[in-house]
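Have a look at these structures, which come just after this line.
Presented sequentially are two complexes of chain A, the first with chain B as partner and the second with chain C.
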Partner chain A sequence: MTATLEPSADAPQADPETPVVGRRPDWVRRLGPLSIFAGPGIGWLVLFILIPYGGILVYSFYTTDMVELIPAFDLSSLERVFTDDVVRTVFLRTLGIALAVTTLTFLIALPLAYYAAFYVKRKYIFVFLIVVPMWVSYIVRLYSWRLMLGEDGLVNSGLTGIGLIDEPLSFLLFSPTALVLTMTYVYLPFMFVSLFAALEGIDRSHLRAASDLYATPWRRFSRVTLPLTKPGIAAGVMLVFPLAFGDYIAPGLVGGPDGQLFGNLIQNQFGTTFNYPFGAALALVLLVVVLAAVGFLERWRRVEDVRIY
Partner chain B sequence: MSSAAPRIFALRAFSVLAFVFIYAPIVLVVLFSFNTSEISVWPLQGVTLDWYGELANSERIREAFLLSLRVALISTLVAGVIGTLLAYAAHRFTFPGKRMLQRVILMPLVVPGIVTGIALATMFDQANTPLSAMTIILGHITFLIAVFFTTVFARLQGLGINIERSAMDLGASELRAFVSAVLPNLKLTLLGAAVIAFTLSFDEIPITFFLTGTENTVPVLIYSMLRTGLTPTVNALATVSLVISLTPIIIAGLIGLHIQRTRRPS
Partner chain C sequence: MQGRTLLSLRGITKRYDEIVATDGVDLEVRRGEFITLLGPSGSGKTTLLNTIAGFVKPDEGRVLLAGTDITDVPPHKRDLNTVFQGYALFPHLNVAKNVAFGLRMKGVPKGEIGPRVSEALRMVEMSAMADRGIEKLSGGQQQRVALARALVNRPQLVLLDEPLSALDAKLRKSMQVELKRIQEESGATFVYVTHDQEEALVMSDRVCVLNDGHIEQLGQPDELYHRPRTRFVAGFIGRNNFIPGTVDSNGRRFVFESGRSIPVDPGDSDGAAVLAVRPERLKVTMGASEDAVPARVIRNRFLGDRIEMDLQIEDGPVVSLYENGTAVGSSDEVYVLFPQEHCHVLPPE
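Up next, the complex of A and B:
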């Protein structure tokens, strides 16, 4: 899924066969075929991406009588987003949990991807086996962790079985801990795939060069391998962080009262309290956070072109 | 390389643990779906197919399956056409705003589903369009276009432009070149993208949840069952849905494995 986030050839295609005639640009001359290929898509994107996303921005200024949206230029919803204590608490919690999940997936996926890329002979099968669960329905994987973490779940019976604890741990399910565990499980394959693709693409001669220059294995890893994995790290974080930050299903099912995230706050405005303008304003914040994170990662990935010493 | 041995051993041990972590929960769901006990509690009691029988008899669940299949098939088909054409436009043409366009296409994959979900739901609400299977399909097409666009675009970049150039040198029009020269080279790519798209659509929740009218798709049905009360039927339903999402991917994986084996020089 790495390629998903980085269309590799933004640059215009040099097409020697069709030189620019006079001052008429290429796309004007070929407007007919271009509109056949791009027309339906552009129409769709305007109607079902630009207009609805734009709508969120507009509605955050509206007011409501709890039944219908009332057009207005009202700043109270946006103001509430930045002043409400609940919003701030939930926002910080969401940030913390999303960062924890991203870090954990990285720490688990890195050794796996490293092992797969450098030591496993049947690489393809190994990777396939790790990626398969990614295709098990998201809701089924969430549910499976409820079975794992419940008071009579596998983890508790396992721990009592070997005598590590006497009473089942009730905090395992419906808590921020459960949420972090579950989301780490659900999003791990995304991080793995991104890291593996980057590690697999590393030119092995760089590593030999490091060893020839008497780098210790650790130094070779930290100064050569890891920096060369940077694009993969960026891609993995770009996938996992937004997914974790915007998730409202997992917190609803395993998070418990202290594990409700920003997405649940938004969900409530559209489900229970019917405050669309406030919900739209919250969604706007979510949108900005995610796009800012992605923008930052895109920049970070190329800050200094990877230098090898 | 004797110093490397402990490191490799540690990595191998870690991988084994990771595989347990990855597979244990899924296996648990499947096991419980055959368990006689009314409650999903370890240890297992006995073997039964009752829960599957209950599934087969439930009108609600059958309807959910039919809806999910319908949504996934139609969305994949429409998004496949639109996404492929768009990818070809981005590959073959230069035009102002192309970079911007590529960013907008990817928005539904980058932006959390809840934002896309409420954005579309609010738009339909304002347009007085009642939520139905149709609104779900419209939402799914929107994010599946991105899936087709990225896979097909990557393949086209790999192919280069010599194919269509040759076709056009032989007198084919731009359209003809696409249909007879380029499209045949995209067969496998399109098949792969369709498998991914179908599965993504079949399992989608965050967007679907806000676009669902009176009929539920399978994942949304499981979600609401989990929120109300648990019966072992959920295990059976989860297992069936697991099989449906995994079958195409495993077949695709086996084909990929076969291709890799036959291509590898001995």
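Up next, the complex of A and C:
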């Protein structure tokens, strides 16, 4: 009986000294056999991210004679990006509006998400109701805001109806205000879902521990709940800020002449003036801004202790 | 030394819908003692602990801490600290900042916080880890930090909610000794919740056995072990043989279902009763006597330092006992000796 359990003396033993024939290089073995599943993803990245962006980079060095694109290594388009006053104005405006939209979505979504995560019993119905507008086409939602804010819109006719104003407020539509309002509405669900997921994931015992350690409800929120929501805040900002910064449809529909953003500038180069090199150079700026924002958020997210002491 | 009452629970009742979690519990905790709330899950021990901490508001009853009614005081204003099950250390703060949290919230002067944190970490032997992140600690280390985080505030009362349940058996044993040492060194009063009877016996000055939301018995560990007052306590703490029967009119004899009787110390019950006697107290003899009952050996189990025997007493149930000497052969006719001082007559359930 027990004999069969003993290791047989003449069983083949692995010998570390014996060189294995046909051994693959280290980096191949480290990838492992399952790395084949990464193939489609990598293919996608190369095909739809690396190659197009590579193309943009190449285009930005080209020149143009109004109709034709001339391959060259010419820095004038990139130079113009940094010297053109219009670019500067639009860039700063876009930065301001994108930051305003990000801040507003955060300020609106935080109490909503907090309420949903901690006080609503059937929270997924609540979440559903907030997310459901996202299923309606983006364009339709923008047009609905035009209907609301226009001179014959809901807000103006309501205000004139109750006699609060004599004439419709024209600044409601086709203005930066309208743009911020609309974009905040459109991007709110992204921020909400990110914050909700983070708040929902907080271990309730951490909140009890805070109370147990003499933290008032407000300090419990500012020193435990909010720091623990950090990954959700970073995720929400990472979604909303780049989307807002690059948006050119909302500015086109509700922004008016003073509400044209960086995206419109880029769109014009490709669509109207056919200045591909300049458009490509502007697009690179957009890319750098978004990457910088993502990099900053990633670092901020890793900071151990958001100090509020 | 242990002295006057620190914490009083008076008639604590808490219901969750239909379920009564605690049913009018009265308990006095003395200053400086290590008291354990022991019971199976659903016995109400955690509800009781959360009531003391302030996380659960009782439907009826009052909680008094050092003579002050704190029933309606929110958790953050109570002078007590909790070591949570799973520790609940803040993942966004390192060890020292976790420990300092309570002092900061209380507004202790900055210059005082550093030394007190160091002292608390020294007490739990975690000084070298002050700058570590929480996720880099082992379970046992997290346990120590959680303890330091509570003790650093020098609370009158420390509540511990199954703090050792996440540790492996070996570490648990050494932490039991540690906890007792720390409790004595700090001089704090510990209210400890566990479902592990061995843990309760090892560490506690007193143990409060809970079942179905009420206190079954409150006493010192040896008292609970040697003189259980209810069948639940006798069964929950250590091993016991239970033999159904009756007590005769003057309460001095326990009558088996077979009609044979043995002398017992007079107890509370009369009529139907249960005899509880521990396996290590029963003896096998060859000769008849007044306190011996004929039995038949069913099986022997060799346990190394002793032999566990199962015997069937005449027409009655199977009892287990431990024998140090040689085993008696199976199906042999022997006598089981019931020593009077170790036989507890308890009310039937």
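The rule is simple: the second predicted complex is superposed on the first by the 256 of 309 C-alpha atoms of A that agree within 3 Å, B and C clash if a C-alpha of one lies under 4 Å from a C-alpha of the other, contacts with A are read in each partner's own complex, and residues count from 1 in each chain.
The criterion applied here is as follows: a residue touches a chain if its C-beta (ideal position, glycine included) is under 8 Å from a C-beta of that chain, and two chains touch if they have at least 3 such contacts.
Remember, it's a predicted structure, so these values are computed and weren't measured experimentally.
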Would you sort A:Leu287 into first (chain B), second (chain C), both or neither based on which partner it touches?
first
Tell me which partner A:Gly256 touches in the superposition: chain B (first), chain C (second), both or neither.
neither
Examine A:Arg219 and indicate which partner it touches, taking first as chain B and second as chain C; both and neither are also allowed.
second
Identify the partner contact of A:Pro227: answer first if only chain B is touched, second if only chain C is, both if each is, neither if none is.
second
So, does A:Ala209 touch the first partner chain B, the second partner chain C, both, or neither?
second
If touched residues of chain A are counted for chain B and for chain C, the larger one
B
Does chain B (first) or chain C (second) touch A:Tyr124, or do both, or does neither?
first
Touching both chain B and chain C, residues of chain A:
217
Can you list the residues on chain A that touch chain B in the complex?
3-5, 7-10, 12-13, 15, 17, 25-27, 30, 32-34, 36-38, 40-42, 44-45, 48-53, 55-56, 59, 69, 108, 111-112, 114-115, 119, 124-126, 128-130, 132-133, 135-148, 150, 152-154, 157, 185, 188, 217, 238, 242-243, 245-249, 252-253, 263, 266-267, 270, 276, 279-280, 283, 286-287, 290-291, 294
Chain C residues within the chain A interface of the complex:
53-55, 74-77, 80-82, 84-86, 88-94, 97, 101-102, 104-106, 133, 149, 153
Note which residues of chain B are touching chain A in the complex, please.
3-4, 7-8, 11-12, 14-15, 18-19, 21-26, 28-29, 32, 39-43, 81-83, 85-86, 88-96, 98-99, 101-102, 104-116, 118-123, 126, 138-139, 141-142, 145-147, 149-151, 153-154, 157, 161, 165, 168, 173-175, 178, 199, 202-203, 205-206, 209-210, 218-219, 222-223, 226-227, 234, 238, 241-242, 245-246, 249-250, 253, 256-257, 260
Please output the residues of chain A touching chain C within their complex, sorted ascending.
203, 205-206, 208-217, 219-220, 223-224, 227-228, 230, 304-306, 309
